[in-house]
């Protein structure tokens, strides 16, 4: 429960134990001394943007012309106009995936990409990125694959690399890393598209998902807001129905890309990056709605060497929350199918299905509706539980959420820059005031009316944290239930 | 089964500088081949679709630079090739003599599963020129001695045999593909929980 | 889930086949989206209370697997049979194996079909192999507009021989037979292949509902027939039954 968390004033959503592996070491949590004083000492940061563009591994002497060598896409303005291309190829240079267009048609470019990587590698170096104007070419070589992002989105090299890592993990989640390596050990000329039929769709979805959501950037998941009593009832229904099932590792209930609950086997944790892959699988697979499904699934951060087996089903036609029961026992389908029926029945009797539906049907309140008119939007991430919350999107970002995300990504990059990380970022422009604050316990990104001055901002943030604290047991999953 | 994608073949073209590799490519794709990357990174690339019987295959052709300074890239370039095309100039004996070393180097660098049966094709180019230094018979003998490598005499200039040679290249590479073992017949090992070390905090990478 | 577009609801066999839905069949549950006051039908509650799996009522559950290349319409065929709806457009590929229970009535007997809808992709092959062994019946699909999917049928049949029981009921199905303009595989090609392998054959259209129920009902009838001890080793009764019952479209392409 949240009793322990009550003792901490400035880290809403913190819990004594997390169901998620957190992205950063939690060793310092005890020494946490985040305080509003940090904000009071803040200096407006006018340093210009070029932090993002400095990369020690730049290879300036390679010029990458875009002259046609034999395909039609290069003349296709639609194709050329895409703000971010993603390519995956084998280390032999064979095409595996292209976000846009048929990868067959520009096989020669895949050759160029492989050659560039190899050319730099021959000097015992590694090619990370090439910068041409406002376009970044980012390379990630993860044996046996090469992943390339060509982006005009303004995202930093490390953010683009992180996205490529997700793409790699998506492929691993379908095949396992051991199988992937084994395939290329046996046949270096293997055409991986054979085994990845249908996975293009998952990668497409993953890219759209991560481009349109802050959760990937934050390395955190958002929970479906629910009264703590309902969430606890759901968790215990799962625990009761599954406690006798051997080898069940995780039970995950999610709806609309929000986590409802996660029950885990003692000692085992799930990484947010693995959870994002699971969200993506559910998001991209309409067919899961038509039947109970049983599928192998590798969670790369959990164990890249093997498959878990997942019983995946929606709770019922009248409650579109998706339940995944992940086990290491490949014969467990019927056991889990039975457990699922019991869970649904318990939830139905306890009116939890209604509770979930109500939350799903309610639009999240905007800051103004919550009583913070000067506050336009914010992201709050609790580090110790790897969960985040964002309010509903109000004016002026309703039709341009993308711009808001770009602001957040840029701020996130400034806080996490490897060369010069900031604790605090305060930017005032004619459009808005942006404040980003990284403490030991949380990260907060706030966008305010441009007229808000510094002292008002500080006061508002204090109030906001208090509000989140009050709401924490509804907005966050504070328990870490186990079987 | 269930392969909707066209087969994609990686084809490497090797041979001494000046034997006409690039001209062959030009001829083959009916267009000026730009050669834009060769001087910088040691290879140039071309995509071409070919029909072999009832199948359409995509050839990803790697035209490599013959210079010394790119030799170190061998491993990376040759890795995962489906076919290797060795080109010499029938009027220049040294280019024929070096075929052995090109072939050997390829086999060393690419380290294919089954080097004995790896598909090569040999092209004797510039047959339109005189005087001829390497007879058809001599070239054929060499090819036979190397486990019957198919041999074509071509003229990039006069478009002689170029199409046929590349057909044969595609067919040979494809035959190799068909031997693909069923990599997926066995069920992969499930995770053994006792072996998976429980992980908690301290996993410091956020990506 | 793709909404029923309402265009295709001519289900040819529905009028004379008495298709019962299983008790926990989703379609039998109206979907008032779970607001307050919603009560699930009594049988749903009963089922959950008795902890009941279908097999408890004493009848054998017949395991039926849908096989074939990805994209041939296995899920569409099943969804059409199960719900009467056709998933228009680019329906997402099956993930692993999908399970659907369905109770049908044939010859005045209730027959319980447990239908396993498999993903056609190669990477799932090893997973689905494990399920061949237990199968009583296999519906093997190709797409009449996709030659590769037809060419692969021989390989599928070889796999079936290797992994499935010898007496498994096999039905070869050429799906998407409504797409006449794109048709690449003639009806007689499918028929000839089926005869060669001594399996039943029909063409279906999940989109138009053509022969969809017949495909599953024939399987159910055959399984029921065998269960009652009428199984004759030497011939596939289902083949004759199918020939008698198949609705042959009047278009020339299908009848060649």
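Going in written order, the chains are labelled A, B and C, and every chain counts its residues from 1.
Keep in mind that, in the parts below, a residue touches a chain if its C-beta (ideal position, glycine included) is under 8 Å from a C-beta of that chain, and two chains touch if they have at least 3 such contacts.
These are the chains along with the protein names UniProt gives them: A = Vacuolar fusion protein MON1 homolog; B = Ras-related protein Rab-7a; C = small monomeric GTPase.
What you see is a predicted model; the values in this text were computed from it and never measured.
Located most centrally within the structure is A, per distance between chain CA means and the overall CA mean.
When chain centres are defined as mean Cα coordinates, B lies farthest from chain C (small monomeric GTPase).
For the pairs A-B and A-C, the count of C-beta pairs in contact is higher at A-B. Chain B (Ras-related protein Rab-7a) and chain C (small monomeric GTPase) have Cα centroids separated by 46 Å.
For the pair chain A and chain C (small monomeric GTPase), the distance between C-alpha centroids works out to 38 Å. Shared interface positions of chain C (small monomeric GTPase), defined as residues touching 2 or more other chains, are 70, 121-123, 127, 130.
Within chain A, contacts with two or more other chains are made by residues 194-195, 197, 296, 330.
Among the residues of chain B (Ras-related protein Rab-7a), those in touch with two or more other chains are 2-4, 184, 187-188. Of all residues in chain B (Ras-related protein Rab-7a), only 2-8, 10, 29, 31, 33-34, 36-37, 40-49, 58-62, 72-73, 76-77, 79-82, 110, 112-113, 176-177, 180-181, 183-184, 187-193, 196, 198-207 touch chain A in the complex they form. Contacts from chain A toward chain C (small monomeric GTPase) in the complex involve residues 174-175, 194-198, 201, 281, 284-296, 310, 312, 316-319, 330, 333-334, 337-338, 341-342, 344-345, 348, 353-354, 356-358. Taken together, the chain A residues at the contact with chain B (Ras-related protein Rab-7a) in this complex read 21-27, 62-63, 65, 67-71, 90-95, 104-112, 114-119, 121-122, 161-162, 165-166, 176, 178-179, 182-183, 186-191, 193-195, 197, 219, 247, 249, 265, 267-269, 271, 273, 296, 301-303, 305-309, 328-330, 416.
Here chain C (small monomeric GTPase) touches chain A in the complex through residues 1-2, 24, 26, 29, 31-36, 38, 40, 45, 47-49, 51, 53, 70, 75, 78-79, 82, 87, 91-100, 117, 119, 121-124, 127, 130, going by the rule given at the top.
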